[in-house]
Amino acid sequence: MDKAALFARLDAQEIETPSWGYADSGTRFGKFFQPNSARTLSEKLADAGQVHKYTGICPLVALHIPWDKPEDGNWDTIKDEAAGHGIRIGTINPNVFQDQCYKHGSFSNVEESVRRKAVDHHIECCEIAGKTGANGISLWYGDGTNYPGQGDFRARRKYFQDSLCEVYASLPADQRIILEYKFFEPAFYHTDVADWGQSLLFCQKMGDRAQVLVDTGHHAVGTNIEHIVATLLQEGRLGGFHFNNRKYADDDLTVGSINPYEIFLIFNELVAAEYDANDAIARECAQNVMYMFDQSHNLKDKIEATIQSTIFVQEMLAKALLVNREALQAARANNDIMLAEECLRDAYGTDVRALLAEWRENKGLASNPLLAFRESGYTAQVAEERTAKHGAVAGGGYQ
Amino acid sequence: MDKAALFARLDAQEIETPSWGYADSGTRFGKFFQPNSARTLSEKLADAGQVHKYTGICPLVALHIPWDKPEDGNWDTIKDEAAGHGIRIGTINPNVFQDQCYKHGSFSNVEESVRRKAVDHHIECCEIAGKTGANGISLWYGDGTNYPGQGDFRARRKYFQDSLCEVYASLPADQRIILEYKFFEPAFYHTDVADWGQSLLFCQKMGDRAQVLVDTGHHAVGTNIEHIVATLLQEGRLGGFHFNNRKYADDDLTVGSINPYEIFLIFNELVAAEYDANDAIARECAQNVMYMFDQSHNLKDKIEATIQSTIFVQEMLAKALLVNREALQAARANNDIMLAEECLRDAYGTDVRALLAEWRENKGLASNPLLAFRESGYTAQVAEERTAKHGAVAGGGYQ
Amino acid sequence: MDKAALFARLDAQEIETPSWGYADSGTRFGKFFQPNSARTLSEKLADAGQVHKYTGICPLVALHIPWDKPEDGNWDTIKDEAAGHGIRIGTINPNVFQDQCYKHGSFSNVEESVRRKAVDHHIECCEIAGKTGANGISLWYGDGTNYPGQGDFRARRKYFQDSLCEVYASLPADQRIILEYKFFEPAFYHTDVADWGQSLLFCQKMGDRAQVLVDTGHHAVGTNIEHIVATLLQEGRLGGFHFNNRKYADDDLTVGSINPYEIFLIFNELVAAEYDANDAIARECAQNVMYMFDQSHNLKDKIEATIQSTIFVQEMLAKALLVNREALQAARANNDIMLAEECLRDAYGTDVRALLAEWRENKGLASNPLLAFRESGYTAQVAEERTAKHGAVAGGGYQ
Amino acid sequence: MDKAALFARLDAQEIETPSWGYADSGTRFGKFFQPNSARTLSEKLADAGQVHKYTGICPLVALHIPWDKPEDGNWDTIKDEAAGHGIRIGTINPNVFQDQCYKHGSFSNVEESVRRKAVDHHIECCEIAGKTGANGISLWYGDGTNYPGQGDFRARRKYFQDSLCEVYASLPADQRIILEYKFFEPAFYHTDVADWGQSLLFCQKMGDRAQVLVDTGHHAVGTNIEHIVATLLQEGRLGGFHFNNRKYADDDLTVGSINPYEIFLIFNELVAAEYDANDAIARECAQNVMYMFDQSHNLKDKIEATIQSTIFVQEMLAKALLVNREALQAARANNDIMLAEECLRDAYGTDVRALLAEWRENKGLASNPLLAFRESGYTAQVAEERTAKHGAVAGGGYQ
């Protein structure tokens, strides 16, 4: 691929950042606080704007309901505020895992009243998606059980399917549902939407605008994610990604920090499909994938972590675009394992940093976004402002 | 469930044993030989007959083609020989992983001639299935790749689907295809039919008589297999089992040796579906599941290992039948996790050995099949006969 | 083993329950509250007393500092209060993972002042251990890093070793340090004390009264824990257990809920060593192992969960005592894998519930502790009292 | 590090290739044969010579006894033959897993006669190590059990320790024993030397010249290998590496094919120790580590796979040498996780291929060893010669 084509493709790249990625997060053992972390929606939008300002490819922000619901219910104000930071609303993310009523599940709950509450919350999210001009709603469920016997697997699946189909009927006509799966956590014996197979079955029941969301940390260790990606593309059912990285479980580390090659291999499938003249379903699907981060920046500065992740993902796209696809297909046709693999390694081994710096300079962006953001003084400034507004975060000593 | 009903259900239990389970097996580091192991189809049928003689619930034997193909191609003789041992043919298992032509795959091979050879072999197996009065053909594929870049995932899936659909068209009208999946091995980067989702998608494309086969050792560690079982039952797509146990990978240890409770939990789902008045699809599906072992008896005596496995599976069925389903459903309806779990633990904790000894005595079987077989002298006898026929197995010292 | 000897051994069994196991716990996604959960040390001691009252084998309670530190610093009062509930203090557990100052580690921190603070906290815990007549101090560290490059592995180990050795010097002369290891979490790239090898090396450096603590949920999936147990017994370095169960990560489910056979196999090693006339080191070590639970009762009632766990562990000890050790050793001497395994399966398959009911009745205990506790009305009573005292727990609806 | 220093370090790099890496290998499901594979020791030495000829850093070849034992027992001839190919003997590898007598273990066998045979074989290997001027003997054991109850863990450890100590006494005075560990396979329930802790304990018992060998594929998935490496360096007990890569189990893929960053992180620890002025034990240990491959080239051409692996490892060393260690230590001292990580990512992201091509040209080597070897025609030539000598490998069709 020549530089002009490559730059054109880079121009089209858009990544959504989640509003909750700018707030403090932690583990079940506690949270370590940062004075500059965002606590209000306005602060989250401002921080998301910083990421877009320095990277140029993060114009979308995901909202989490009810966390990001304005008190006055006026979404026009929020859209305007986002626009003021150069960004817009991406997906709407319902929350049916947090309230006490969901102790025994949301869509899988044996109590009809709880399922009703959960469905109604989703319908409200569909309305918000309409009002905010979002891309769609992005669904994740903690539903599952902790002990053998606790739940009736088939009854739960029936409840789930009925609930999802009712929500689907409320989806704005031009939007999508993307349904995430997760191997385990917070449920530790079984999870109702545990793998791509479970998610795909539900999507088949819902309809064409229901697609699977792949979170790169939500698989059993060793799972070949790029194979799942290719399969979903071929079926026209890949809706989006939540990028992050993991070494053990759903560690939610910044993407590329543990196994960067794996993310490259995922992009290799996406790019192959985008330019595949012979597979219209996969090609169209690939061209409409929604990309997002879902990471827990427990110790890293949140904006820095998001910028670092963005640059990494941009590098992986660039490297995947550099794969010599003719040589790759020729090697495969000859069962030449060595040359086929070397096609990928050559592209992955290429240092694309200078190329991306050039692309950024063409856009009027800083060539090194991470460094430029660090030097901007934003962190210290908002730490001061937010401490003044919200009070100091908990300090040292035994609390 | 009262004893009469329980015994009636036990009467109906049938487990298929694989012909290859009576032959020597090993690891990539080598095989340790046993003088009494079966080397011919006749010896395998005789050994399978022993297992049925002592357990009373193993009247079926699975054949592997071409390993078990008679030289004269006369299947009537084989059926008669099996009948002479009190058994009959269960499923036919094609082999497209062993020949040198399958170095780069069978149904996924880029070479049309190899795919043709593989499809033709399957069609031959369908014919054998018809001639032997088998239940169906049972399919497993080693197809996959060892290195990133080596294969075109989507092209391989297309080849796979087309091949499977062609095979399906040759299936005897009263028989089934059951399609196995496996997380990895012998391919170490990706496997074409890697999980239940991949298998189910292919079954959907083939037709109603294509169902998923669950091998209990073919999942990522930690996978909740009983949840998959319940899901496939609900979809009417659970075709059969390959029972074994594992601690690490596809270790193919005897079933129940590492985590016996897991097998109980699987039977709990099967029994729940068999007696579920409200889910006709799951009920009918459960009543037609085909049960088989697929184990590598590397160190244990093969017949003893198969008898031990059979007794274990019978015990797990008995325990699952003892679950108080009314109490279980009541506890679930109350979100009483503790009582729901205790329903399962009570049944699992019950010592059913005396009950099963009684059931066996009613049938004229030895109350302790393993001991009775040991005392029969069969092992020493066939060791002598087979050594005389085939020569001594390799002895000690550096070979 | 005859019944008298078996009952005598059961008489000697003591399990420690942790004070924090009676308080609400959750996941990083939130906590679901129970109105009867303990919030003060007094409530925790009362709840621990209930477990001992119904099971008869839980006379010890572990304290967590600073959570369980009395405001007035008067430990005599606490000892008396515990005694009033029929229990006494077991181990003292320092906490150096919670305070903001430990964001970048405790003993592994690059800042000397933080390491100092952590060591001083341990020394205080040694003093408390002396004052309360505890068994020793039980150490666990969340120390680790989330990203490659973040920490200097060797420098951190040096800091750790120096800190531990300083703490060891403050240990009461008749007490022990038991040092826990954990595969991962809350650190997601590396953990300083990640496995038994890391823990053992530190214990070797500390001295003879430093031993390894095995938490059954702190290993990579598939790890053979009973082999580690046997190894540590042989080296005289097994100090204690934290019992729980897991399916995926450190799920902290109630012990025996996922793989009960594994816990039986661990007890089989412990019992084998306790009665091993030929291995004095292992025998003495086994006779002094400290047993504790460390579970997160996120959804189950905490007292019920602890009683259920206690009964389970008692059953596993009873089953391990029933293993025919002469037959087992004979089978092993003959390389008779089948009979050796059957020795374990026979004992495990035995229903010991009637036997344990008899043992309980001899002691004047309820034959079914779980049921008896449920029927006692304690849960409703303290729910009312504690709600009155602390206010209602958060209710339904979006909070 | 400036280029001169970097090149000097690259000059000193030596990697040992295993003789068995040039022969056909496979899985338990069978082998796919290559006509050019080495079948005799002479062919293996010739192939190893090719790898060194094209890469310049593989002057050592590991031998496996008895596979590589000359019929006439004349090791001087072998040394000369190796020298003729520009190489010399590295380590001697005993084999006590293959013969039928080892069915129930080697050093762990309950039969004294088998342990004796195994010890004698090791003593013979020590003699061969002396005669061939090797670096030492490299030990790996398949010993373990497949079923609970099968073995007495502590008795086996005692046998193991006694055997190893006897072997250690026969080791040439200037040589080392390196003891490998493995998580599982070919044993599937427990493995006697299962992890670095087990190996280290045995090394402590043997003496100072006994060290641990790390095979990068022999851990539970997720294990932080670089942390183990740093720990062993600090203890002065890291003896050597077997490089390869894995996605699932011990897949023995070519190193760097699945997670190249992990190998970089291992080299980062090795380089850090080599140049650590403050840790003499780790520094000396790092400077004496023995590097080897242990891979199964089931489908790739064996020489090409070894060249590819060598180039990869050379690249990782070069990248690790490029890490700015002052900046890294400064970032760590400031708890600046982001900058510390970026130090590693900067080095890893650097394309060192041109640099290494220059280094090769300085040495008179082809700049692209893989391509140069491919173009040399060696493969076709030896395929013809070896087919003529040994006969054609098994062809297509059902065998």
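Every chain is named by a letter (A, B, C and D) in the order it is written, and numbering of its residues begins at 1.
Here, a residue touches a chain if its C-beta (ideal position, glycine included) is under 8 Å from a C-beta of that chain, and two chains touch if they have at least 3 such contacts.
This one's a predicted model, so the numbers in the text were calculated from it and none came from an experiment.
Looking for a copy of the A-C interface in B-D, B-C or C-D, one arrives at B-D, which has over half of the same contact pairs by residue number.
Although subunit C and subunit D carry the same sequence, what matters here is overlap: shared residue numbers make up over half of all numbers found at their interface.
The chain pair with the larger count of C-beta pairs in contact, out of A-D and A-B, is A-B.
Subunit B has its Cα centroid 40 Å from the Cα centroid of subunit A. The set of subunit D residues that touch two or more partner chains comprises 103-104, 146-148, 183-184, 189, 221-222, 224, 247-248, 257-258, 261, 299-300, 337, 341-342.
Subunit C makes touch with subunit D in their complex at residues 103-104, 110, 145-154, 157-158, 183-184, 189-191, 194-198, 200-201, 219-224, 226-227, 230-231, 233-235, 261, 265, 268-269, 273, 276, 279, 282, 328-329, 331-333, 335, 337, 340-345. By the touch criterion given at the top, residues 25-30, 32-33, 66, 97-101, 103-104, 142, 146-148, 183-186, 188-189, 246-249, 251-254, 257-258, 296, 298-300, 393-399 of subunit A touch subunit C in their complex.
Subunit D makes touch with subunit A in their complex at residues 221-222, 224, 247-248, 257-262, 299-301, 304-305, 308, 315, 337-338, 341-342, 349-351, 353, 370.
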